[in-house]
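Scrolling down, you'll hit the structures one after another.
The same chain A turns up in both complexes below, where it pairs with chain B and then with chain C.
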Partner chain A sequence: MNNTRALAGRISESAPPRSHLHRQRMIWAYIFVSIPIIGLLVFSLIPILFSGWVSLHEWNMLSPVGEMPWVGLENYIYLLTQDNVFRQALVNTFVFVIGGVASNVVLGLGLALLLNSKLRGQSLWRVLYFLPVVTAPLALGVIFAFIFNRNYGLINSILVGIGIPRQPFLSSPYQALFVIILMAIYQYVGYYIVIFVAGLQGIPQDYYDAASVDGANAWQRFWRITLPLLKPVMLFVVVTNTIGGLQVFDLVFSSTAGGPVNSTQTIVLHMYNTAFKFSRMGRASAMAFILFGIILVITIIQLRVLRDRTERS
Partner chain B sequence: MATVERSHGNNLGSMSLTAVKYAVVIFGALVMIAPFLWMMNASLMTSAEIVRQPPVLLSAEPQFQNYPLLLDVLPFPQLYLNSLIITGGTVLGVLFTSSVAGFAFAKYEFPGKNVLFYLILATMMIPFFITLIPVFYIIRQLSWINSFQGIIIPGIFSAYGIFLMRQFIMTIPDELMDAARIDGASEPLIYARIILPLIRPALATLGTFTFIGSWNSFLWPLLVINDRDMMTVPLGLNSLRLFAAEAVNLNLLMAGTVLSVLPTLLIFVFLQRYFIRGIALTGLKG
Partner chain C sequence: MLFRKALLLFGLCLILALGVSLVSAQEPVTLRILTHWGEESFLAGQDALYGSCEAQTGVNVELEAVAFNDLLTKIIANQTAGTNSDIIHAYNLWLPDFARSGLLSTPPQDIIDTISANTSEGVVQGVTSVGQIWGWPTEVNTYLLIYNKRLLEEAGYTEPPTNWDELKEMSAAISQTDDTGAVTQIGYGIITGWDSGVVHPWATLLQSNGGQYLNADETATAYNSPEGLETLQLYADLVESGGTDMSMAAQAEFTNGRVGMMIMANWWRSGLQNAPGVDYETEVGVAPVPVGPSGDETSTMSYNWLWSVTSTSPNQEKAWEFIQCINTPAAEGEGSPMGEYLVNVLGAIPSMTYDQEAFAEDLGDHFLAPFVESVAYALPEPVVAGGQEVKTRLQAEIEAVLQGMQDVASALEFASMEGDAVLQEFAQ
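So, the complex of A and B:
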């Protein structure tokens, strides 16, 4: 260590202009990175620590930070043992994520396979399927609330037309969550299609040719080549969209606002209400940390699965 | 003879298979655009026509005046302008902070580089909802409630953007920079004159993503903006949604929804190649 420092010193003595230039470049590099580093510290890293601190207190955001009463783990205990709405929100969010992600993977992969099988007009189809992805979830919520309306919605008109009785959909505690899941499928399937198409195009054609020579049929080629080679893409899709789904807010806010009777209440929506309607910042922060923990666990599971996969191969 | 017949049968089979494939894809595409078409159609109806049962497929007379009527209720030009300022500021900010830091991480050696880079990557893991309350508190302490910077500034630091830019800038040969240095160019000049022009495609990709995300964002503006004159398009749509809770104003609600979704749809249709490429890129990198 000392030796290298001495050496560096000697070099800088013997070649001052170069070292000067080097130092100047380094200073510029620090200036360049300092802008976003400071930003991420102020708006990301410090807030997460602060949020953890708040979750151990009772706070309405009006009293000074220094005077928040300490409550220890009380917020967490309350949420996990007494807050029925939170429990309901957890269940709803999980149903939403599992239903949405599973349907989207199946539909997305299925449509990607179709689009990838030399169909004409690929880019046109891709654009059409992608339109909902770039549409504000808030607007989609409004459109779906309109289409699934009990009295004048398009879907009920179709149902009545084919002899099925009118359904309450978003105004039914038993059906609303499924309509929300349909919305999520509608919004994101185009995104899955694009990722899966890219993944499919990354699989070398040689593999399929070789398998065909060996007499494998389309079904076998799918199960033995496509699916195993698509596994990393599949994992990426499942995990990023699970993480996204766990944070669902806009879609629900604009279509049901969590109702009827909390049947579409989600974690982030409940957190939003707890914090900004009822000014319980401590409890809302604890909620955020529980959700963050859930997301971390899911991510760790993903890394495990990925590692297992690479170890085996 | 037998083989000829069989291949004939296969052709028929593969042709009908292709027909089924097209049928599925076309049906799917219809399902995808039907809500948009239905919304546009309803925006040109009277409210009475919208709620009539059995449903009316087309208005007896297209109600184009719904749009001017809507503008009396909700000042869309103002909403567009507000959203444009916020989205424009956010896009420029993200492009600047991401490219400048990505440049430093890709092309310079400095002590602590790896630690700082991993720190930035780690912030990618932090979901928005966990920083919501603290950042709201910071914004309030700064008296940035009801201000555009209260929305823009927290949104211009993107770990994902820095990562994307670093990956892209790493592919630019050092020789270009060295040549400029010999000509006496300073480091900021190298960034502005050599790096920025070369990373235009990456900037376009990141810019399109940021534009759509920022334009559509709802929760954060909902917290920061209370002033009607400063509302963004999604906030306007939200207030219209509450205003049109009664069936009487459904036509206006649908017209407002059309005006809300149109900008991102147009941006996407024109810039889709950047968008699709960006998604394929991130999808496969994972």
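So, the complex of A and C:
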């Protein structure tokens, strides 16, 4: 016992005091943590706060920041009550999101189920479906514009071949948005297939075996096992797809630039034009904050609804 | 001893400092230039253009070229980031914003005098905002009727239309559709999806019908008038008669030889020279804009580009000196390096009358000659704050009529109401 005390005493004499070591460790911890926090502050939080400040002013980005005239909530009021293009962009964006999310979930899950079955050349199919994900939206826009051309496009040649009259597609204000949705599905469904396949492979085979022993058919196995256990994946797909859809820009910018007659105008494209074409940075910032509010509300609702169900299941 | 060493050290430092300052005094000033002449062939020509004046004015040019669509964004981003170029090549419609924000420095008086004395009134107006000339005008663009002689002849016409009835008749006659319903050829092409491409040709028709784009003091729109209604009705009639079709990308299809006529600017010349489906020399014709039922004579709209110096440039004096150098002829009767570049590389019309005279032979080309003539009677696009926004709102309404989504009267009334609101807002 005495020996132990003596040893402990020697250790405490030779080693730095515990509180000093603790303090040193804490300093290093703070240093390491501060790096991403500073990054977050400089590159995210401060610009967001600045954008909020700008949204209460009139600013063309050319005048000094200190000289921005204060307009209060005028930009928000204008957007919500007078800006017809913003209203149309809101409607278009929601149509795009609803169409895109529903299609990506249904198609993504359906194709994932196919790819997860004992299909020949699974890897090849996965690569094929994933290829559009890595295709530049600009290239995609040009290709789709060509394919859907009214006068010499492939789709119209097929339609005429089966006796359906030619359709204007991208040159029609009534059809262009649906072609854009199709483009988005084509580009992103491969990504969601990969996510769904990963989710499907995480479901233990035992469940299916047990269900089969109990006499469950394929539909019952899908409805009672696959779908409930895929809900966390579904939550991820729906939330990320919705957020991405609400922020759609590149596909529209490269294919129709919002036309014809604003029929494919989206919130972010209108924001871009307002900022960089009309030099109205205050109004564009207000749009960004309205979009942020919309995304926040929708995401909270989705998380509440889908997470509750996920937890219950 | 110590004192002598210190004195020696001081002497050495002095010599070194003197040497450094002498070397730096001889080092040329670097001028950063931002343009939208970014295509490969245009860039090559610029080396020669700037090179001739670099040595003369003791500057080094650092060129940055972006596409036209990115130029305003680039200027704004540079200004915000504090990385402005010394010299920018600007579209004159941006001037009110630039001037209001103090982005540009004012040219020296001798440059203002040279510009005023050697350009047309329209050009001076084009580079003026709030009563001040803001830069050296470079290319001037006007709009005229460009037509495909072969398609007109195939439809039985040897001359281009001079009035709207002829325009409508010829357009319908040229248009063709195949058995499957595909439009293979249209008589009159209307650009869509691009504000200037939509509004400028429409405004030239409006002016050729005796109408005006904005009122005299440029505080309100003037296109919602009987003349404006007739002009927009012309478009509606062309759609209805099949003389035009929105599924045809007019500009691209003209170069493919599938569009009979369209109103376009002279900057398109190099595109037509390389067109795959139409022969520039033998098939491309240019004529004045057809006159409308309420008009007395043809008219057109012009716009300008100009070299300006940013107010944040530390080398403003050198920058103006350099701009003056590239725009000044070496001798009486000769053209300036800028004029030579505009005419021979860009195929554009120089704003300076001495360049127009010196390069008269090159500008006498069957395509450019009518455009050069039109500079004299062209009405400049109004340089007003909010002008871009007014144009975009009118574009949307013109396209709504073309798509059959809006009737002519409602479209013009709405565009006018929105345009007036923008102009009034900026006027305050």
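The criterion applied here is as follows: the second predicted complex is superposed on the first by the 268 of 313 C-alpha atoms of A that agree within 3 Å, B and C clash if a C-alpha of one lies under 4 Å from a C-alpha of the other, contacts with A are read in each partner's own complex, and residues count from 1 in each chain.
One rule holds in what follows: contacts are C-beta pairs under 8 Å (C-beta built on N, C-alpha and C of every residue); 3 or more make two chains touch, one makes a residue touch a chain.
All figures in this text were calculated on a predicted structure; none of them were measured in a lab.
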Using the superposition on chain A described above, determine whether A:247 touches chain B (first), chain C (second), both, or neither. first
Which partner does A:256 contact after superposing on A: first (chain B), second (chain C), both, neither? second
Regarding the shared-chain residue A:276, is it in contact with chain B (first), chain C (second), both, or neither? both
With the two structures laid over each other on chain A, which partner does A:150 touch: chain B (first), chain C (second), both, or neither? second
After superposition on the shared chain, which partner residues are touched by A:129: those of chain B (first), chain C (second), both, or neither? first
Just checking: does A:61 make contact with chain B only, chain C only, both, or neither of them? Give me first, second, both or neither. both
Classify the contacts of A:213 with the two partner chains as first (chain B alone), second (chain C alone), both, or neither. neither
Residues of chain A touched by chain B versus by chain C: which partner has the larger set? B
Return first, second, both or neither, reflecting whether A:162 touches chain B, chain C, both chains, or no partner chain. neither
Chain A residues contacting chain B in one complex and chain C in the other 61, 151-152, 160, 276
Complex interface listing, chain B residues touching chain A: 18, 21-22, 24-25, 28-29, 31-36, 38-39, 42, 50-55, 96-98, 100-101, 103-105, 108-111, 113, 116, 119-120, 123, 125-138, 140, 153-154, 156-159, 162, 186-188, 191, 212, 215-216, 218-219, 223, 233-234, 237-238, 241, 247, 250, 253-254, 257, 260-261, 264-265, 267-269, 272, 275-276, 279-280, 283-284, 286
Inside the complex, what are the residues of chain A that reach chain B? 24-26, 28-30, 32-33, 35-37, 39-40, 42-48, 50-51, 54, 61, 111, 114-115, 117, 119, 123, 125-132, 134-140, 142-144, 146-147, 151-152, 154, 157, 160-161, 186, 190-191, 194-195, 197-199, 202, 232-233, 235-237, 239-240, 243, 247, 249-250, 253-254, 268, 271-272, 275-276, 281, 284-285, 288-289, 291-292, 295-296, 299
Across the complex, what residues on chain C touch chain A? 72-73, 76, 79-80, 97-98, 100-103, 180-184, 192-194, 246-248, 386, 388-389, 392, 396, 399-400, 403, 405
Residues of chain A that touch chain C when the two form their complex: 60-63, 85, 149-152, 156, 160, 165-166, 168, 171-173, 256-257, 259-262, 273, 276-279
